[in-house]
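Both complexes shown next keep chain A, but they swap its partner, so chain B is in the first and chain C is in the second.
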Partner chain A sequence: MKDFFSKLIIFIILLPLIPLMLWPFIASWRWPQLIPLFGEARGFKHFFSAGSNSVNILLFSVFLSIVVTIITLAIALPAAKAIAFYSFRGKNMIKTIILLPVIVPMVAVSMGIHVSFIYLGLANNCIGVILIHLIPGLPYAVRILLNSFLLIGDDIATQGKNLGANSLQVLWHITLPLIMPGVIAASTMVYIISFSQYFITFLIGGGRVVTFSMLMFPLIERGERVLASTYSVVFLASILLVVIVGDKAMKGFFSDSNFLV
Partner chain B sequence: MKKLVMILLSLLLLTACNLKTVEEDHLPIEGGSVSFAERLEDAKGTQVRFYGWGGSDSINGWLDTTVSNELKENYKVELIRIPMNPDQYLAKLMTEKSMGSEGTIDVVWINGENFYNAKTKGLLYGPFVEMIPNFTSYVKPTKDVTYDFGFPVEGYSAPYGRAQLVFIGDTAKTPEFPRNHIELLEFAKANKGKITYPEVTDFTGSAFVRNIIYDVVGHEIFIGMEADKEIVREAIMPAIEFLKEIKPYLWREGKTYPANIGQLVNMFADGEVLMTMSYTPLHAASKIAQGIYPETAQTFLFDYGTIANTHFLAIPFNAPNKNGAMALINSLMSPEMQASKLNPAVWGDQPVVHYDLLSEEQRKLFDNIEIGVGVLSSEVLSAHSLPEMRSNLVPLIEEIWREELLGE
Partner chain C sequence: MYKKLKPYLMLLPVMVVMSVFILGLISAVLQSFGYIPIFGMTEITLRHYMNILESRSFFRALAFSIYISFASGGISVFIGTYVAYLIYRNKKETLWVRTLYKIPIAVPHAIAVLLVFIMLTQSGVLSRILYNLGVIDNLMEFPELIFDRGGVGIIIAYTWKGIPFIIMITLGILKKIDLRLVDTALNLGASKKEAWWQVEFPMILPTIFTGFILLFAFSFGAFEVPFLIGPSAPRALPVVAYIQYTSIDLSLRPQAMVINVIISMISLILVYVYILAFRSIKKYFG
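Presenting the complex of A and B:
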């Protein structure tokens, strides 16, 4: 019974994706036809045409979001660990501040950030875009990793230290393998958030940094179904691919020290 | 270890950014004494960034291939097209203006309200249009290129193409089409729930409402009308009353309207409504060729006429590559590009170059274009073209429509 319900839920979630998968290949689907008239898949033709540069922009976006994910994790890991295990003054305040980007709308803040970035020479280039992409993902990464740290506690790390491991060895051989599920969840989240950003990329990148969602947005806005669904399918497929490959790679990387799981 | 990670990270960051670094911008040659040939010489080997609406794969494809190749071959300039709507690039230019900072945009695709705002706020470079050879040789300085929505252009933008509102129906379903607003009401009564128009926030929806206003009260009264909401309200009230009268017979009883023209186009393609509209007069031919509209789709107009306007190209005040920008504008205004743009398989946009000023060979480019089925000839179109009203009246009409029809 439980199995049936979970299958039903998956079906309901996937149902709206079926027309999305069909539309790239449809020429027209007029009432009262039940079966659509299939066409030449001009969306994919446009996507792969050398002029549209879509493939390069897609690869660049994937790369940009991976860089953003790595930097976000590099910030979130120590932050989450500090909040989980150390007690210090203003800890609760810092916890709240980290969550702020989720509460305050990005659009409101990014206008001000844009002005500051122009002063600092960070507007209209990719370093600025990477920096602004760190903001929306960071609260999620810290939250997820914080829970992972709280779940495993620091007993095992202390034990390792008592047995003579230095802090780097503890990090590499104990902490990271233990919180790997959390890291994978966090990086997936951060990657998807960064990959879907539209407005802030536009504002800070000023059109010099073009990401995949920037190509997609005008097509969806216009209601151009064949192209919009083609680009959406590519968008989803690329996310799935990166997430699956990333997951496998991270698991594989720590499999030799996977002594506890 | 930490060092290594840091080095790796910074390397990643650098490579990520290197992919997109742009070569040093060329300094533009300012001043009037510079010949166009010198400007083109200076523009060689540069990149030019063209910002504009990017929601059509055929227009995008045309710019990315035909125009891009032409620019590369004849001007040695690389075209980079950035899909960005006017409200977004204007906001960006405003910020840059207030900070006095260097820009990134070389050419924008603009008209109407946006051009009015950009020009009055000093966001545009110019006047430059007299420097463009293809403008001076092939364009007749008629009112539709010297004025943009009733606002004088004064050389701050160069004409790119012409648009005219047309309606499209399906002769297989309704052999007769309405020829004025009264017949439109009867048409809607006879086909309850099968007619609608986009909301006024949409460019085409707004044009449709203005067209109904023209049909009801005429277009002359708006010449020189003060941009005062109450004056405008009084003038357009008969048309607003008409739109209220037709409302219950519209799709979903007029309680809601399609959010944009794309949605209406899809609804017409699916057979959900009986008519759609477009600012591109050859729209039906393109859609029939793509198999999206039935072959019986037919373009029609109101007897009184429909609104026509021109869309333009302009250069921002802080464009980093103004000479490259002029190379692009010159190229887009060439008879070759204007003819290739007219092809409905490409775009179907009406040319701005004047047939009388073209050479025999150039005329052939236009004569050879197959305008396709389901569309009207350019003679019929121009005989029924009405001028746009001034751009500062447009937002007022949109506001009044929202208040009266949506009750906001």
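Presenting the complex of A and C:
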């Protein structure tokens, strides 16, 4: 009975995804019919039509979030390592500051910084959008990588150094292969967070930088079910695809150098 | 010298990005006092705080936001912990249950709203099912759950994402519990129920609490969900801030910032209280 309950809850949670995936193909669905009338996939037609420019925006959006992910990981790695293996003054304060974006809403902060971004020429362009996108994913990236570093410890890297490897070799051949699971988890998280940002992209990008979220959001706002579902399905499918390909690519890239396995 | 500086150098890039965040906060505070030099507003005043604190609609919005965050966080924690407990107890639990439940965590809030929309509008899937079961006779008998003053749609959207999140973090910590502790309790004559409440539950309590705080803080400061399926009165605080911010009347901007500062302050106070509570929980349970 109790096993049934946990399955029931999870089933109820997952259930709405089924009509979401059906809606793009529905021609009409009169109340109170349970089974809709399927027709041509109007939403997908719109998505692929040259006029909507949706495919290009999707590709641009994926590109933007990959850039955000790479930068976030590149800056989070040394930071996580410093927190894991060094003791220094102000460590607790820095840890707290890095955690802040999880607590203090981005809505408030992005409205606060908007004027300065306009003044500095960072508003209404990609650089400003990338910069603001770095913030929400950063706490998660540092946290996940920090746990990975703490798990593997510093010993193997030190051994490599003692055996004559330089810092870059240690990073490439020892540290990165060892913390690869953490890197993959962090990248996935950061990518999804960036790809899903609507408000800060809209505010800082000023409508000039158009991401896929910004195409999807007004469709949901209008309650246009066929189009909104189509774009949502594309949204989720693209996340799944990027995450799977990224995971494979990163594993493949470091499989040669991973001498420990 | 270099050795001492090294950790700071390693942290420098992250702190540069975080300085944008901090500057955003400071800037919001300055603007809330009416200091926006670019618009020629340089007089520092408490007027905007007065305006906001004197308006009844602000307190209605505040109450609405707290209610939504509290309800969605509470329901998520309650159901999420219970389901996590059931999955943890059932060692034979199938793999699909252990993996598929995570899907909503990766789904953005806007799509969660669409799901609520598809399922729970008066002509939605649930109302069709209820009609075919003979529970309702026409569309209007189905309660208005979207754009409703009770915020039911908003709470369900947040809960839909919150429950799996709580299941995930609770299962994560449950897996780490040393089973010998539980066995010891059972050997000493505790019933399974007593072992849960005396041994396992206190150990996962900080995690559940953290989960609640994270969910609360997120929904308290997020704009998308209440904007999409919230009622036009009362509005959630971030929606009010946004509407004032985007108004053509630039003199409303400081008021938007007052609301932003209040949202941020409440979130920060919450975390502070949490840290204090966490310490006393630790003290109590050793």
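In this text, the second predicted complex is superposed on the first by the 244 of 261 C-alpha atoms of A that agree within 3 Å, B and C clash if a C-alpha of one lies under 4 Å from a C-alpha of the other, contacts with A are read in each partner's own complex, and residues count from 1 in each chain.
What we mean here is this: a residue touches a chain if its C-beta (ideal position, glycine included) is under 8 Å from a C-beta of that chain, and two chains touch if they have at least 3 such contacts.
Since the model is a prediction, treat every value here as computed from it, not as a measurement.
Chemist: Kindly classify A:Arg225 by the partners it touches after superposition: chain B alone (first), chain C alone (second), both, or neither?
Modeler: The answer is both, since A:Arg225 touches chain B and chain C.
Chemist: Which partner chains sit in contact with A:Val107 here, chain B, chain C, both or neither? Use first/second/both/neither.
Modeler: In the superposed model, A:Val107 contacts chain C only, not chain B.
Chemist: Touch check for A:Phe63: first (chain B), second (chain C), both, or neither?
Modeler: A:Phe63: touches chain B, not chain C.
Chemist: So, A:Gly207: does it touch chain B (first), chain C (second), both, or neither?
Modeler: first
Chemist: Could you say whether A:Ile75 touches chain B, chain C, both of them, or neither, answering first, second, both or neither?
Modeler: The answer is second: A:Ile75 touches chain C but not chain B.
Chemist: Check the residue A:Trp31 against both partner chains and state whether it touches chain B (first), chain C (second), both, or neither.
Modeler: Once the two structures are laid over each other on A, A:Trp31 reaches both partners.
Chemist: In this superposition, which partner touches a larger number of chain A residues, chain B or chain C?
Modeler: When the residues of chain A touched by each partner are counted, C comes out ahead.
Chemist: With both complexes overlaid on chain A, does A:Val115 touch chain B (first), chain C (second), both or neither?
Modeler: both
Chemist: Overlap the chain B and chain C contact sets on chain A and report the shared residues.
Modeler: 31-32, 74, 115, 118-119, 217, 221, 223, 225
Chemist: Enumerate the contact residues on chain A facing chain C in the complex.
Modeler: Within the complex, chain A contacts chain C at residues 2-3, 5-7, 9-10, 13-17, 19-20, 23, 31-34, 74-76, 78-79, 81-83, 86, 88, 91, 94, 97-98, 100-113, 115-116, 118-119, 131-132, 134-135, 138, 142, 192, 196, 198-199, 213, 216-217, 220-221, 223, 225, 228-229, 232, 235-236, 239.
Chemist: For chain A, which residues count as touching chain B in their complex?
Modeler: Contact set of chain A toward chain B: 27-32, 37, 39, 42-43, 46, 49, 51-53, 60, 63-64, 67, 70-71, 74, 114-115, 118-119, 123-127, 130, 168, 172, 202-203, 206-210, 214-215, 217-219, 221-225, 227.
Chemist: In their shared complex, at which residues does chain B touch chain A?
Modeler: 1, 5, 9, 12-13, 16-17, 19-20, 22, 49, 51, 53-57, 60-61, 64-65, 68, 82-85, 88-89, 92, 95-96, 99, 101, 104-105, 260-263, 265-266, 269-272, 290-294
Chemist: If you look only at chain C, which of its residues touch chain A in the complex?
Modeler: 4, 6-8, 10-11, 13-15, 17-18, 20-29, 31, 36, 38, 79, 83, 86-87, 89-90, 93, 97, 100-101, 103-104, 106-111, 113-119, 123, 125, 127-129, 131-132, 139, 160, 163-164, 213-214, 217-218, 220-224, 227-228, 238, 241-242, 245, 256-257, 260-261, 263-264, 267-268, 270-271
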